Each structure stands twice: as structure tokens, then as C-alpha cells.
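Shown below is the structure under consideration.
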């Protein structure tokens, strides 16, 4: 940690800072510049918080120089982590496209969806049984019954399933229903009690980025899960909130190379929620894979205009199939496989 | 709802939209303009979602013209609602300043805090027993033990208490500990299961604005609570996330008159989290009251530089007292009392 | 235009709106719904502004339903426009990579740069003679002398040149120096006098997106140029400003399919300014091309660590060459050529 | 400047950084921590840019510790600067409300406006002769003729005038027309050639904050003016761009205490453009004054619903008068006068 002292700092004020560092078990390096004196902490700065120093007299600012995340950082684990999802590898050279409808509606819809997902060449399936909806007056998901329909449909095609957990009290139900991957949604990225609970189990977790979460906050949220013992974490970029109103979110494609640099864990992208319109999904999917994403979480519905939620953004089965073809070419261009 | 058809729309496509409106129990008004045909829904448009229409062929866009929130809207309840917090009115002509430390630390710290809060003329007290922290490695709050310390301290000065609930599983504990006001934090504004639970009880709830929540999303989150039967909702603006890095958040002072226009419920402001620095708090508090806020949620600590969390932003007891004096003058200037 | 009347509107207030529409030469369609009355304007709504109606008693809101841009819109010109840049086509099936240093430094640096650009297979060259710098105390560009160096270097390799114009008073000098493409920078996207001036000439113009400009504002800025008679406009996405601080800007890859839908004009991307770090450029370039961009504006310097400005973001000649290879593969995967 | 070296840095890499510092005339302090080595620059770090070091091998990051602005900083000039505007002081204890219409329309409208402005107790008048409009197809201002109308009207009531300059080529015309204060609009905050030109004259300049400019960029833009010799700079906060769509901009009230801390120059607020609606103006004005602004730039029109531009946001003469009364009370509460 670097502590910048203000212009008119006194020796006594410097002494107080040095004392506080020593009390925490660190040493101090004092650098007296022309306009500012800077105190550097020598030792494990993760024990310190900036606010231990900023309220002290004579302190102008304090800043960490070491990242606050540990287990999830690439510094602690230089090699890519490949996560095994019921036999399907995620995070290796092979890219995984996880497709399926926004929400579970009926057994028939799920059966058809699973068939199309499989036929398109995808090896994992997504679908929501519990839906976080902005309005309390709209469809909130089929709940536990939906989990069962999803499981039934996916089993026929041997597709591991990904579905969202919103409430800590439902975790046991998810485990009993053999959910293969638990998704933490964008609104719950900093629901710390939920993160702690999924940190205690041994299932892969997809952690979506909060809609206005910084890279650092996202990594720290994952650190909550990892600190509990569960290191099977998959990051999912799904678009961030900006001033632009033409589209729902801005897919932050820059986050892909940045996350791949900062963490050893896989990074996937949800192009469907990012844009919010089906006609944008192909372009965004292509961009994500070209930028180095390890996979996609993409919405497909057997009949999009009849979907019970987010009808606007689902691909048709035909569109998904076509997209898989283009993505295969892009994967090859960057030395990967689909 | 207004449905704008694309330039080359056919009569058949118009027919499909009209049919869908009629199936939902509404009528259609068709306006054929020079460049666009527009279909207006006649009936209760809250039954409709935009995505029921936008995926249909020939539809360019669809937009609600009536707000989606009902119970919390001023349209449904033109008079201001005054909430009774264990005898203290919030939302009327009298402004309430809720003060106290960021987190509960020790019984002594809480006793001192309660005394200073009371001496400054505040009638309600705040304090956190469960703390949402970005890092899993930092102090997470004193928990249930902290609730008890808080209650003990506040009781001596007859101060109703405000504290944050993060986990649905702790709700009963909060009720058993006679928490007077339950605070839902910024990270949980769209934790819908938590909202539903506090909607089932009969306690005042402070709903903080999500750090990048729109006015509309904030009102819809409150609607989740209200739809459960609990109408004792207090909105709290606490700064929004923007591109600016000099300060933690941007206090959205415009939200105050806007919320007062849209809802009959009280609107308060948290100037401490908004700025993140104690030296900004007086200016932000003054601005909030001058703009029409019904109260403040402000951090004060007996000894800020020793605070266990957010040491940077707590006022000293003396600063709080001085601020109360200035706010009294501003309240008078706008025809209110403190 | 749609004018939504407030709940308690009177017939007289409706009459005033209808009269104002008629005075402007349009007709009105009145749709009386259950909760709101909506008035639709029949005629050329571009004559109207929303603020003609919103201050009137009984009006709740007014919104355009037709886009305000005309000449640049795809609606007015469905086919892609291919712009001829001194013999090089931009906007067709062939993708153009425009490379070169951030700023012109010396004749030798420019000669070397031109050689590397050409050797990498690029057909156009970029370089800044006038630099918009945040601080008045940093290098402001070589000015007119720089233009001459640039021209000399590019001529040897028959590379048309792209350079930024900041000041209307320099336009004649740019024309005298045979600048092939005039670039309008992000800070000048709404410098309307500058836009009007480049609208009067017959040179291709690259219009960078303002760092927080909406899609609509960007298109309207181009409309300023187009309205003057110059339709040779190339849009350049260069990253937008958000809350994220890890990288300088967020490359808005969603803008690519959206702009291709809204306008017939070419859309290129500047991956160098978007990320601000050389190690991000390959991933962002690949994403941009995969998403459908017609070209790139990318920084390369013979010796990045010695560059006089933006040293952080320039590729080496070797990195540019390697990138061109990967982009060739991606272009093929989406049916285009490089 | 602090240069943080990466974990596996070599002695040779440290040597290269030290050499580069020495070449620039500074010394180095090397602090070898447990996880990172940090090099501090001893000397005038304003000679350095971060990008001089970040591309070097072994460098993780570099950051300035001294602010880059000098003349405008409070560090260089601790006392408040009071600017004399043709006899009216701005920046002292007395708050100045600058009122008038958005745009100059007719002589009669300006005569009436000047009368109302004067009658309300304001001592300065605003009005736009050149208007920056998003669309090329809307009213662009009355131009030079408008300047003359404005001058005529204001003279009768001895009101110094404030008006916006968009084009460097019009500066002489502004001087010939005795404009008292030149306003630089939000879109031109980083039009560096325009800033340099107004830096060469001796007139007060109002520098509006760019709609997504950081505090630091804003101060640096002012430094461009100051570096030219003109220190008569007034900062004007006018709302920033965020994700919120209910209102046009978010008035950044936090910027007021922050700017007062960072600079000795006056800071005023434009509540009209911030909110975009007349009904928000009183609340925002009150907030701005309560937070410590030295003045306001507020729109008033004799007949708002007939205004040629921004009709939505102008106060009526009666509303302005009433607002002045409330502001007088708030000013008193914070120890100032109106």
C-alpha cells in the first residue's frame, strides 16, 4: 500500500502513519519527494484497508498496489483452469455453447428445446425455472416444477443443465434435482449470503457480472465463493449498463481479454441479455468468441414469438444452427475448436 | 400501450397485432400516418408486455404509456404518506435525521453513539450489524450480538433503530430483536425473494436505490414489497454509479423532486455513502434537504478514525451537531421543520 | 409524433394540442384509452419538436416515432454505400485496416511506419499531426510540418492518408496537403461548426463517436455533414465512457450491428483508443471484425516504448502483421475478405 | 510519480526505469516490498507522463501523485478568487443568479426578459445567440443579429450579459459586441483551439462541464485557458450523463464541494439544462445553493410555452421571483447573501 501525505505534512503525522503500519505488522519505506512525501508499506498489505489511513491527519490518499483477490487470480494460479461439467470440459481449447430457452414453460417446449440444442451441436443446456423479473405482476417462473421438466428434457439428450438460483433456501432443492451448473444472476452478484452458500458446495457456478459491477468487484464476488472452498467458478459477461438507450446493455467485450489476464478461471458471454434483441445475437456471439471467450450462454426458443419471457431475444433453432457454423470458422481462425 | 409498425407493414401484420390485443381483452385504435402506422391499445395495458409485440413481423417498437407501478404511485394515492416509526413520523412536514455509526462494534461505542445522536437532536438511530463488504476477507459485522448491543444502547435514549437485513433467513431474528426499521441495501434492491419477505411483515422498510437502478426499477422494487401488503416503504437515495472517479458515487439530487412527484411515500437521502468522504457530507446533506428530502441517513462515529468500517465517511459528534443547526435554517427557508 | 395526455386532461386541453398540430400543417388522430388519451400526429413529424407540446397544460409526454436523421439513414438508402478513398473502397465486402502511429514525430519515424503498414498488407495509413491532449503542457503535435512528413512517407508506398482536423481554420491547409480522409475526433463530434465546414467539401470524413454520444446523436452529427452536401461519411466506434476504470473506454461492439442496421454508410472501429493498452488490441480487433465492422483504425509504431504519445497502445510492426493473419481467417469465416 | 513493478521484475528492468527518471532530471526512491517493488520519482513529476513508463518491461502501472493542473488549483492559490464582471463580483460571499431565455428570439422578447430578470433581483443576464443543436434541421440561433438584440435589451437594465461562443472565428464579433462573459458550452469543453483563443483575451469565461467530463478533465480544460493568460474562469456544473432516462442529466451536486476544494475559482450551476424540466428547476437550484455554489445560470422566458428552444425547462417570470425568495433564505442559512 502507498500512502501519499499532503503537502504540509508534519514529521509527527508521518510518525502516526508509520506507527499504524508497524502495529499491523508491516514496515514503512518513506520517500520524501519535492512536493509530496510517500510512505510505502512493506509486508502483506492485504491486512490493510485504505480507510485505516485516509482519515488520519496529513494523509492525502492511500491505495493498494496488490490486487485484493487471491484464489481466483491468475497470479496465484498461472495455468488456465478447465472445469468439468458432468463430463464436459469448460475453459480448455474447446469452446462450449450453452443454449436453451429463457424460461421453462411446458414439458413439450423443453423437450423440443433440448432436441434443437442437441441437434445444433451444443453440449450443454440452459433454462430458467426461477425468474428475476422487474415487475411483481409478471410471470415469475415455473419454480420447482420447472426444474423437473428441465431435467426430464435434458436427460434424453444427455445435456448437463444450467439454471439460476435466486434464493438461498432453494439450494437443497437444486442439489436434489441434479442441477449441473448453478447460475448466479446479475442482480445477485453481490448477494453475499448466496455467494457464501454456493461456496460451500462442490458444483460449478456461473457468476454473472453485475450490471454495473467493475472487474475488480466481480473478481471479489468470485473470491467469496472460492473462499468457501468451491473453486469451480465460471465468469459470465452479460453486458453492462451505460447511457446508451438503443440497446438494453453494452456487451463489454474488453472484459474478455482482461478477465483472461486476471483470472485462471473460464470466462463466457451471454450475448442474448447483452443486446436484448435476437437480431443482434449473431454479431455479439461472433465478437465474443473472436475476443477469446470460452463459451456462450445463448437463448434459443422453439418458437420465439410465443415465449413467455424475453421473447425478443431468443434465436430460432435455425438461427442457432447457422450461428454454430459461423462460430466454428471463427474458432478455427483463432486456433480453437467448437 | 403504443405499437409502432414498420414502414412497409402489411394489413395482415396489422391484423395479427389487433388480434393479439383483442385476445388479451383490449381494443385497438389504428392511426395511419404518413410514414408509420401506430396501433394504440384501449384497455388495461398493464396486462401487456412490450415483448408480446416486438417480435411480431411488421412491428418496429412497442411502449407502455402508463407506469407499471401502482400501489406506490402518487397517481393511485395523491396525498403524502406519513409513516409512523414507533411514534416518530416520517414523510410529513418534519424532517428526520437518522444518525449513527456505519457498524456496531462494541457496547461502549454504541452507548456513546446513541448519546451523541440524541444530544444532536436526532430522533432515530442507524447502525449495521450485518455488513455487505466487497471483500470476503474484511470485517462482516457483529451479527446477532450486534443487534442486541444496538437495541440496548438505543433504548436508553428512546431512539427507534434502523438496521440492514441481507439474508431472508435472518428476518425472524430481526423481528425478535425489535428492529424498528428494516433497511434493504443497495446491492439487494432487486433481491426479489428478500423483497417479497419484507412485504409480508408490518414493519417500515427503507429501500435503498440500487447503485445503477433507474427511477422506474426502484419504484418497481418497492412495488414488490407493497404487493405483499406492506405499504410502509421509505425510499433512500444513496448515490449512483457514474464515470466519475473522484468520489465514490454521484448523489442524484434530481431523484428527490422526481420521486416526490411519482410516489406518495417518503424519500430520504444517505449523504455518507454517496460521497464517501466526511468532508463532503455537510454539503450533500444541505443539498438533499434543500431539494425536498424527507430525511437523512447519516453516519456519525464517536471517533471516526478508529471506526471498523467506512472510517472515511463518518462525521464526528461535533460535526453532526453543527450540521443539524445549518439544516434547521434550510428547513425553515423551504417551510419545513427539523 | 405521439402526444400522451395526462389522466385528468380536459377536452379544451386536447383541443389546444390538435390546434397546434394543425397550425404546423399536420392532422391529429385521437385515441381515448381507459387511463390515457393519446394524440397521434398525421403528417411530416420532423417539423415538430417534443418541446412544442410538453409544456402545454394536460400533456404528459411527447415522443417522435420516426427517426430524426434522413440522409444517413438506411431507410432512405437501403443499399450499403461504398466510399472511394483515392482508389481504395471502404464499405464493401473487402475490409480495410488503416494503421499507423498515434502522432507524427519525425520523417524517419513516418517513413519506417509507412513501410511497416504497407508490408503488413494494409492499404491506408493513419497518423496525427494535430493532437487533442487533455493537458496544455504535453506535446500538441507537429502541426503543418507533420502533415508534410506524413504525406512524404505515405506517397512512397501509395497509401492514402487519414489525419485529424481539430480547427476549422486549418481546413484549407488540409486540402492543400492532399489529406485523403479527414478525421473528426471524439471530442469534436458535436463541434457543429466544424461539421458544417467538412460538409461543404468533397472528401471522405471519418466521424468518431463522442465518448458518451448515443447512437442517435452520432447519426445526427453525421447528418450535419450530410446536410451540407458531403455524403462520404465513415463512422468510427472508439469506445465509450462507463463506470469501469480498469480500461480507458468500453468498446461498444453492439454499436456495430446497430449502426449497420440504421445507416448505409461504412462503420469502422478504433481498437487502440478503446482499450488503451496494446495487449488488448488484438482481441478487440478480432471482435470488431467478427461483429461486422468494415475496417479498423489501429495504432502501430516502429518502436512503441519510444512513442511521443499513447505509447501504451501502439502495436509493434510484428504484432500488426500477426493480427492481419488472424483477421484474414475471421473475415473468411463471415464471408468477407481482408 | 509512483511506478509499480510487476512481481517477477529483474534488477535490470528496475535499472531501466531509474535511468529514464534520471534522464528526465529526477531521482528515484526504490522500495522493495514483499510482493512488489515500487519506484518513487523524486523531483517535478509534471515533466513525466504515465505512458513513459507503462510500456517498459517489468512495469505494472504508473500513477501521478500530484495533480496535473497548476494555475487553477487551490494548492497554488489558497484564497477564493472573486471575478469582476463589469462591476458585479462573482465568487465572493454574495451569490449571483444569472437568468434569461435559452435563446434570443426577438427584440421584444429580450426587452421583456431583461425587465423580468432585473425585477426578480438578478444582476446578470444570459441568452443564446448561437445555439448548439443536436439536429441540423432545427433553429440554430439568431446569430450576430441576436447579439445586438441582447445587448440592447440588457443595457436598459444595466445587466452584464453572458452568451455562448461556439466558433473561434466569431470571437472578434463577440468582443466588438461587448459581451461581458463568454460561455463555453458542454460540447466544447475539450475544443482545445477554442479554449486557447479565449485564453488570450481578458474577459470572464464560463466553462461548462462536458456532459461526461471528469473533475480532472474539467480542471485541465480550464488550465488550457489559464495557461494562455486569462485567469477569469468560472466553472459551471450542468448535469452529467448517466444511465438514468427519466431526466436529461444528473445534476452532480457533489462536484460543488469537490471543485471548491480543488480550485480557487468560482463554481456555478445550471439547474435548467441539468433537469430539462421547469418543474425540477426550483429543487435543483435550492440544492445547488445549499451545497455551496457561487451562483446559478437559470433559464427564464416571458412565455415558456412559446419559447423557440428548450421550452420545457424555462421558468416563468413569477417562478423566478418566487425562487429568488427561497434562495435568499437558504443563502442566509449557510452564511451567505443573495
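Miscellaneous remarks
We just call them A, B, C and D in the order they show up, numbering each chain from 1.
Please note the rule applied: contacts are C-beta pairs under 8 Å (C-beta built on N, C-alpha and C of every residue); 3 or more make two chains touch, one makes a residue touch a chain.
The chain list, named the UniProt way, goes like this: A, B, C, D = Phospho-2-dehydro-3-deoxyheptonate aldolase.
If you're wondering where the values come from, they're calculated on a predicted model, not measured in any experiment.
Relative to chain A, the chain whose mean Cα position lies farthest away is D.
Contact tally for B-D versus C-D: the pair with more C-beta pairs in contact is B-D. Per-chain CA centroids place chain C at a distance of 26 Å from chain D. Mean C-alpha position of chain A lies 39 Å from that of chain D.
Averaged C-alpha coordinates put the centre of chain B at 31 Å from the centre of chain D.
Looking at chain B, residues 212, 241-243, 245 sit in touch with two or more other chains.
In the complex of the two chains, the chain B residues touching chain A come out as 46, 49, 51-52, 54-56, 68, 132-138, 166-169, 187-188, 190-193, 196, 211-212, 217, 220, 223-224, 227, 241, 278, 304-305, 307, 309-312. If you check the complex, the residues on chain D that touch chain B are 212, 214-216, 239-240, 242-247, 250-254, 256-258, 261, 274-275, 279-280, 283-284, 286-292, 326, 329-330, 332-334.
Taken together, the chain B residues at the contact with chain C in this complex read 2, 4, 7, 29, 31-36, 38, 40-45, 61, 63, 65-66, 75, 212, 241-243, 245.
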